[in-house]
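One chain, chain A, links the two complexes that follow: it is found with chain B in the first and with chain C in the second.
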Partner chain A sequence: MTRYALLAAVVALVFVPVVFGPQASYFTRLAVIGLLYVACATAWDLVGGLAGQVSFGHAAFFGVGAYVTAILVRAGVPLFVSIPPAALAAALYGLLWGWPCLRLRGPFFAIATIGVGEATRLAALLWEPVTGGATGLTLPIGRSAPLVAYYLALALAVTSIATAMLVRRSRLGLALACVREDVDAAESIGIRSGWVQVQALMISAAIVGAAGSIYARYLFYVEPGDVFAFNRSIALILMTIIGGVNSLWGPPLGAVLFLGLEQVLAAWFPSAHLGIYGLLLIIMMLFEPRGLTCLLSRTSRSASAA
Partner chain B sequence: MLAVENLTKRFGGLTAVDGVSATFAAGSITAIIGPNGAGKTTLFAMIAGAVTPTSGRIVFGGRDLTGRSADQVCRAGIGRTFQVVRPFWNLTVRDHVRAARLFGSAGTEVPAYAPRAEVGPNFSLGTNEVLDMSGLAARADEPARNLTLADCRRLEIARALATGAKLILLDETMAGLTAEETREAIALVKRVRDTGRTVILIEHVLPAVTGLAERALVLDRGMVIADGPPRDVLASAAVKKAYLGEE
Partner chain C sequence: MLFLQVLIYGVILGGVYAVMAYGLGLIYGVMRIVNLAHGAVLMLAAYGAFVLYARWHINPLLGAFAIVPVAYVLGRLLYRHLVLRVAAGPPMAAMLLLFGVGLCARNLAYLAWTGDDRTIALSYGLSTIDLGVPVPMTRVIVFAIALATTAGLFLVFRFTHFGRAVRAVARDPIAAELAGISVPAMSARAFGVGTALGAVGGVLLATLYVINPEFGGPFLLKSFCIIVLGGMDSMPGILAGALTLGVAETAAGVYGGAAWQDLVSFLLLVLILVARPGGLPSLVRS
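Up next, the complex of A and B:
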């Protein structure tokens, strides 16, 4: 049942631009951003939810992916070819700082990731010859780009959810759950706690890096203050908490809701919308700390019981 | 099977374990006893790889395990329980046993990305065996947070057992249990031994020491002060002095 509903949703998303026509630019723009949010929030939750290590530094992966694609495309590499290197670079970046930082747990890891995220942004800002500094890099404009970006973002969102599904069912997922519950006990049954967390971070980073890559090609412009923004990392946390931490469908649901809120709130309360997110976060934490998916499954259970 | 040589651990100025040497024969049950603060749990933590010794050596089945990490020690064939129970609270009992089988010395050859359900029928058979043996089969699909203390203790033993450990370290698995629960726990440890495993236990419950162990090792202030059959050791003057002070 759920499976058919999902299939229908994907098919609908595939055909929507055909129906609306390529000129439906507002929809396309929203959809590209929304699908990238879905992909990133789902990937974030592998580390923040499944492994229980809250990362405030995922914008770093997004930015690395965006910059790798920007630099490669400017050097004449075709877009499709530039996505795998972008994902790989982000994953390697995850390996680089994940290895030392993932020895920390809980708030200590979270604070370390804030440092990594901001350090990455500043480094990109200052490394002008490669990143263009605060001016950023402009990409050559291509043909029918919004639609290409739309289908790439859709494919990435599907890939991200499928990856999360596989990881959660795999041996790696079980090891991550054990590490989340108790690192010492996990090690006492032979789990390499550092390595399994690094694997989760690298998988997550690759997906977020690919999202950054698609984003760069969609905007034709990258700039450190945008792609490495701390707000990007925070947004992923907000989406996941609203939707449901450590669940397969929570992050995608949260991402879609976040996109809608962002549109409405930024239009209605341009100066107060961040405060409203904060309020929403507090309400979620107080009344439904396990997110909307938990609320939905509970109400559907009580509805079917009645 | 296991030999510790001159094992010492200092925490700053405090010497928790002071030059302990002992060997443990395969298939034996040894009790480590001693007053609080004698260094029993630190000795266990060093053998289990959770604490690095200041000096000395740990040799297990001919392999030097000194300075190895906890997960390496587990994969080498040593399982442990924790003095204060530390189950994975939100995981089911079955997942504890499954994880221990997958990542311990029993399952090191399984590829990391194999789907959980397809990790070999011989492993899932082992999972049920462990659940039956530890008396947790009826609660297999419940999360650990629903278990009683006695069941949590069983779960700790089941998890250590499921790793495929040849040597199992039990740290006060009977503390705080009722008389009936203690009898069940003693029976469980005997079943563990009957599978051919070596058991070392830290215990304050004396019926468990005399009823289970063929040997007792007494620690006081980090040093071995007596070693031998439990009844003889408990009767010795040095042990009485360590527990009760001067007469």
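Up next, the complex of A and C:
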């Protein structure tokens, strides 16, 4: 039943631009960003939820993906070809700092990721010959961009959810859950806790990097203050917490709700968005730390029991 | 000559950084909670000093006497009404909750004081003292206060009941409870004192840097870097870590350029977290 509903949703999303027209309208933009949010939040949850290692640094992967695409496209590589290298570069970047940092647990990993995210942004600002510094890089404008970006984002969102589904059912997923619950017990039955978490981080990074790549080719412009922004990392945490940490459908749900919230706040309360995100975080932590999907499943269970 | 200058400026900066980081270390030591709202505490205290100075011309270093008790009370309220409620929840709940508190505080600062940079220009701000190299008067005074705060803390931790109880809880909460210390009550007081110490740090920083709503972020990361360098909950360790960071940062600023100055603390943080996890057992298994 759910499977058919999903299929229907994807088919509907495929035909949306046919109905609304391929113009670069507000809704196309919203759809592209929203689908990228879905992809990124789902990917974040593999590390933050399934592995239980909260990352405040995922913007680094987004930015790396965006920059790799920008640099490749400026060097004359076709746009489509630039997505896999961007994902790969982000995954390798995840390996680079995940390998040492994932030995840390709980708050220490989280703090290290704040450091990594900020250091990456500053490094991009400093490394001017390659990244263009604070000015950023402009991509040559291509044709029919919004529609292509829409389908790429849709494909990525579907890929991300499918990947999360596969990982959760796989040996790797079980190993990650095991490490999350008890590192010592996991190691004692032969799970290499560091290595499985690095794998999760690399998968997550590849998806977020691909999202950065699509974002770059959609905007035709990358700049460290935007793609590496700390607020991007925070947004992913918020989406996942609103929807439900460590669940398959929590992050996508949270991403859609966050997109809506972001638009409402930008339109009506532009000066209060930080505070409202903060309040949301506090309220979720106080009353429903496992997210809305948990709340929904509980209410539906009590409804069917009645 | 340049080397001497780096050393003196670095040590002064390190002294201020130490005061900024004690609160974070104290709260972590007693509750094993990383207070992500610490940056907001620094920022609000800095604005407090600014308001007292701009409106009533109160010297910020005197203004601290008004700001610190307020911070203590707010810290206790924050602990009692928010942090304590999620203590039984998922492990990261308290940290994320405090992050949310920090976001709210930043937003309040934007609404109350806009995003403009504010400065506190003291009357003796331009005069200098010759310590081998000329050093601004403000820095010398601020350093003296930092040293006094450090000395006061050492005395409190060594000789008062509160200090001994805090050290006992940090070492082993269950044993402390068995010895008749109320861990929840001690935690509330430690949260209050940690917030108050953050306020002292914020006021000191306010005399040296421009104040804006994003004031706290970089200093929060630097505080983390310091308490990690110093072994999380030992006060002498934090002082040593702060001096190290102060000198390293000043050196990076002088020899590498202003941009490197910001990068050095992040690099140091990641490096130390990676290179010495075995040396700091609490890091590896929390």
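One rule holds for everything that comes next: the second predicted complex is superposed on the first by the 305 of 306 C-alpha atoms of A that agree within 3 Å, B and C clash if a C-alpha of one lies under 4 Å from a C-alpha of the other, contacts with A are read in each partner's own complex, and residues count from 1 in each chain.
Assume a contact is a pair of C-beta atoms (placed from the backbone, for glycine too) under 8 Å apart; a residue touches a chain by one contact, two chains touch by 3 or more.
Only a predicted model underlies this, so the values are computations on that prediction, with no experimental measurement involved.
Of the two partner chains placed around the shared chain by superposition, neither chain B nor chain C is touched by A:8. When the two complexes are overlaid on their common chain A, residue A:170 makes contact with chain B while staying clear of chain C.
Of the two partner chains placed around the shared chain by superposition, chain C is the only one that A:125 touches, whereas chain B remains out of contact. By the touch criterion defined above, A:181 reaches chain B but does not reach chain C.
Residue contacts after overlaying the shared chain place A:97 against chain C, while chain B stays out of touching range. Once the two structures are overlaid, the count of chain A residues touched is higher for C than for its counterpart among chain B and chain C. Once the two complexes are laid over each other on the shared chain, residue contacts for A:189 go to chain B alone; chain C is not touched.
By the touch criterion defined above, A:266 lies against neither chain B nor chain C after alignment on the C-alpha atoms of chain A.
Once the two complexes are overlaid on chain A, the chain A residues touched by chain B in the first and by chain C in the second are 184.
The touching residues of chain A, when paired with chain B in their complex, are 166, 169-175, 177-178, 181-182, 184-193, 199.
Considering their complex, residues 33-34, 82, 85-86, 89-97, 99-108, 110-111, 217, 221, 224-225, 228, 259-260, 262-263, 266-267, 269-270, 273-274, 277, 283-286 of chain C touch chain A. Those residues of chain B whose C-beta lies close enough to touch chain A in the complex are 48, 50, 69-71, 74-75, 79-80, 82, 86-91, 95, 98-100, 102-105, 108, 110, 112-117, 119, 159-160, 162-163.
Those residues of chain A that touch chain C in the shared complex are 52, 54, 97, 100-101, 103-108, 110-112, 114-116, 118-119, 122-123, 125-126, 183-184, 230, 237, 241, 245, 271-282, 285-286, 289-290.
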